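The structure under discussion appears below in the form of structure tokens.
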Amino acid sequence: MDALLKGLPLLYLSACDAAKTGKNWQVFLPAASLVPAAKRLRAADYFLEDICALDCEEGYVVTYHFAHFEKPGRPSLRVVVPHDAPSLPSIASVFGGAEWHERETRDFHGVIFEGNPNFVPLLIDPDMADCFPLRKDPKSRSKTRDILEAGDVVFCDPSFTLMTPDAPAAGQESGGEKAATA
Amino acid sequence: MAAQNLVAQKPDVIVADPLLNIGPAQQIMDICRSMSLWPMTFGLACCAIEMMAVGMARWDIARFGAEVFRPSPRQSDLMIVAGTVSKKMAPAVVRLYEQMPAPRYVIAMGNCAISGGPFKFKGQYGMVEGVDTLIPVDVYVPGCPPRPEGLLEGLFKLQEKITGKRFWPNPPLNGPYEEGM
Amino acid sequence: MTRNANMEHLAGDFYTNNFAKTAKEGSLILNLGPQHPSTHGVLRVIVEMDGEYVMRAEPVLGYLHRMHEKMAEVKTAAQFIPNMGRVDYGHALAWNWAFVGAAEKLAGIEVPERAEYVRTITCECNRIASHLLWWGAYLLDLGAFTPIMYAFDDREKLLDILQVPTGSRLTYSYFRIGGVAQDLNEDCLGRIRKFIPWMRSRLPMYKDLVSDNIILRKRIEGVGVIEPDLCRSFGATGPVARGSGINYDVRRAEPYSIYPKIDFEVPTSELMDARGRYDVRMIEIEQSLRIIEQCLELMPEGDVLVKGAPKPSWKVPKGETYFAVEGGRGKIGVYLASDGGKNLYRTKLRAPGYCNLSLFAEVSRGTILADAVAILGSLDLIIPEIDR
Amino acid sequence: MPAEFIRILIGLVAVAASVGLIGLVMVWVERKVAGHVQRRPGPYEVGPNGLLQPLADALKLVGKQLFMPDGADPILFWLAPVLSFLPVLLLFLPLPLGDGLFTMDVNLGLLLILAFSGLSVLSLLLGGWASNNKYGLLGAARAVAQSVAYEIPLLLSVLAVAFVSGSLDLATMVKEQGTWPWNWNIMTQPLAFLIYIVSALGETNRAPFDLPEAESELTAGFHTEYSGMGFGLFFLAEYANMVVVCSVATVLFLGGWHGPVLPGPVWFVLKVSLLMLLLVFFRWTYPRVRFDQLLNINWKWLLPLSVANLLFTAFFVKLAQYTIVR
């Protein structure tokens, strides 16, 4: 995985315990490296399992799960998009199947995928397409690091603080909440 | 669709009282109607499989003349709402009902069609809680999904409703039950 | 067709209009569904047709969106199991397994060995039932009315078997976090033992009566060719991928439960067409019988539910996980994320049918309408699973 | 000729009544056969063994609301079902049920049947087109393409038999054949018989050639929008067409009313029933063919074969004449 994404600007890369989390690599990317990373995975014959958005305090963590028909393992690419402007480039041109997964993510979480060829509501009635049912209300959001496993860190960009455990346990809720509602 | 009223409209042509009401003729027609309820090929969810099972060899709804599943609503008499009606599906259900020629009957099969069933919860956003909020329902068959016997019993109830008489014996209360295999 | 004032109500809804924007002048736009005999429920496919040829097709989903992922956020993990029986009524136990397995993985619960065998046996029985359902419905799509009756005949026997431990015919919620709800009793095991040779004797008849029928062969051979690369691009799995020659089966690729101990083959077909997918499914029925047979032999005595199994109010420990099983339609994946609260933080269901169907638009381009129906059927669609 | 006129009138009434009856019986037979093919009882509870089932269906259909969709052509829409049914009645007129037992003595009976049977497709076209429904339109287009195509091999195979008997009069054609099966035309024209049966399936839109109403593709095809008796008439016409097709096959190939021991009409009805049963069996056994395959079967196989058959027949008939004259 390390070699596969060499040269791309990454934020965070860690090896995970597959027996517990079901994935063996997790990579946080800046939105700009998403399409190139997807292209590399496509060239390495990976296929897209699904796209899953997670509504956390810091924003929507959009996870792309990949798998391979011959090799074991499940690398996952992750992009964090802010609550107020959830927008990502579409990888539908790389993985044909991503089109529907992206539309589904839009239906549930309201994440916009720029460049999706047919970006209309898929699962939800177009009349109530803006209800975004899986968005959580700010109070019930959790922090990313409370849910996701840090794993064995291979690389971490200094500016990336999502997974670093914060020293003061207090102030966790009130501080994050303000940021989220903004 | 939001602007459009989803609930089935009253038909433009109200069925007028017959000029000459011949009781026996009416009764014969009722019996014919009840013995020839052609359902529409219209499955929504899990219950649709049990609806299919009713048409299959083991239960064979054909015995009661109701195996002629018509794909076109124009030719069917009975709409078996077999499954969950979502808000997205609701306009289609209403339209299908309106496309059926009178006299038409509706069986709400399964808890979802009756009340939203297991999918009715606080904060639900896509479910019609009971198909009877959209179209008039004649018989409710509860279950999740109802067993095929249940649907057959629903059919008998509908026949009873049409003719005012139950044609088939009541099921025994304590068996005998069929041995499988 | 010309439009006039009194046809305004036929002007089409949001999707039709959206689709028609890019339609060519003079082509016919046809809505198959949401009520249409060949869409297996409430799938809707908008097709642009030139005569009998499908120029373009767009599936429209969501007519059976049942908010499973939302429900997971208002229920505890154990309370959510019944939902899994309703996601895919064809192969409900695989979904049971995927969810329960994910929760066990996250909590690190070890399942008693007998429970693993019970799970495998029931799940494989359910897989046969699922394939039989597909087989009958597919032939109905192709205009043969009789095979479905025979398929349901066999399926009923399986349902009778599964009814004993699970208590229901279709929407099972039999697996528990840490095992299964109850053991297979002697009655049930005896029925399974009787069923295996019986089903084996039926398969040659299916082959003679249906699989080798010249009309059927002409209808499905060379129809809907899916290249392996297309499977990769769209994430198609299960019999669809195997029918395209990809040897991918989650039971082998990401082994779980006792499958590593069991000797079975993963059938593939190099034909890549509807015939390939048909053959793969028919062989899988045989293989499932083989698996059940071996399980019956190897099954140890013991508990079927781990001691101190989670109660309904059990909280899933913090963390996230992904667990995949092989369902009748392909790779079923359940992603769980928990913050340690009462309910699950996020549950994402990866439905194989969803990915399989997404390549339909690609494959159906330029085919005849009847072929498009044949392709749609060969993907084995269960709509509740796709819409979730 | 008042006598002739009265004969036709009585015949027409009898035909109309019997077609209705045949329709009812056939509905029952079809559902029962389907049931037995599928190992279930079929209609069972309505009347003894479900015998009253078709009657209930028919009365119910009569009592249903009639619909005409918005934007449909009112005249053509209602004309179509009637038009599909009436010509079929005429087809029964020249059919000889027994020696001298026919309604109208036309010495071009075969021609009359072929001419009027071509009309039925017109009704399908009108019905599909006038109902302002896309499925209907597609079904109608299919019906026309299919009917036009299958008319030709049907005609050619029939013509071969006409060559052998040297007449277009149905009664004469039957008389040419003998009592025993080896005296029937099927022995001299087996290929023509096969072609005829296959084309007949295509002409009557029966499975596996039921493309105009292909359920899984076009919901109900050309009669998608017809409710109640409009649909009922189409339904009835289908069965009536089947009867005609099987009767013609009996007359041309199976020796008509000829047969040992039993009286002629009984044999005739028996043979027709067996052929009908065969068609019913086809329907419940085979999957549906695809549209291009349907046309391929016709243009690439049936048509060349029937032309070849016709040429051979003509050649041998000429040869036989020549040798006999010698």
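Per-chain residue numbering starts at 1, and chain names A, B, C and D are given in the order in which the chains are listed.
Please note the rule applied: contacts are C-beta pairs under 8 Å (C-beta built on N, C-alpha and C of every residue); 3 or more make two chains touch, one makes a residue touch a chain.
Since the structure is predicted, the reported quantities are computational estimates derived from the model, not experimental observations.
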Quiz prompt | Chain labels contacting chain A and also chain B | solution = C
Quiz item: Which chain's centre, taken as the mean of its Cα atoms, is farthest from the centre of chain C?
Solution: D
Quiz item: Counting in whole Å, what is the centre-to-centre distance of chain A and chain D, each centre being its mean C-alpha position?
Solution: 65
Quiz item: For chain B and chain D, what's the span in angstrom between their mean Cα positions?
Solution: 36
Self-check item: Geometric centre distance via CA averages, chain C-chain B, whole Å
Solution: 27
Quiz item: Taking each chain's centre as the mean position of its Cα atoms, how many Å separate chain C from chain D?
Solution: 43
Exercise. Specify, in ascending order, the residues of chain B that touch 2 or more different other chains.
Key: 1, 41, 56-57, 71, 86, 88, 123, 125-126
Exercise. Could you list the positions in chain D whose residues touch two or more of the other chains?
Key: 38-40, 215, 219
Practice problem: Mind pulling the residue numbers of chain C that touch at least two other chains? | Solution: 36-37, 62, 65, 67, 70, 149, 153
Practice problem: All pairs of touching chains, please: list them by chain label. | Solution: A-B, A-C, B-C, B-D, C-D
Practice problem: Would you pull the chain B residues touching chain A in the complex into a rising list? | Solution: 1-2, 86-88, 123, 125-126
Exercise. Over in the complex, which chain B residues touch chain C? Could you list them?
Key: 1, 40-46, 48-50, 52-53, 56-58, 71, 73, 83-84, 86, 88-89, 91-92, 96, 118-119, 121-127, 144-145, 147, 180-181
Quiz item: Any idea which chain A residues touch chain B in the complex?
Solution: 124-125, 127-128, 131, 133
Quiz item: Tell me, which parts of chain B touch chain D in their complex?
Solution: 28-29, 31-33, 35-36, 41, 56-57, 60, 62-65, 67-68, 70-72, 74-75, 77, 99, 101-103, 167-168
Self-check item: Of all residues in chain C, those that touch chain A in their complex
Solution: 14-15, 18, 58, 60-62, 65, 67, 69-70, 73, 102, 105-106, 108, 230-236, 241, 246-248, 253-254, 318-324, 331, 333, 335, 337-341, 345-346, 348, 350, 354-355, 358-359, 362, 387-388
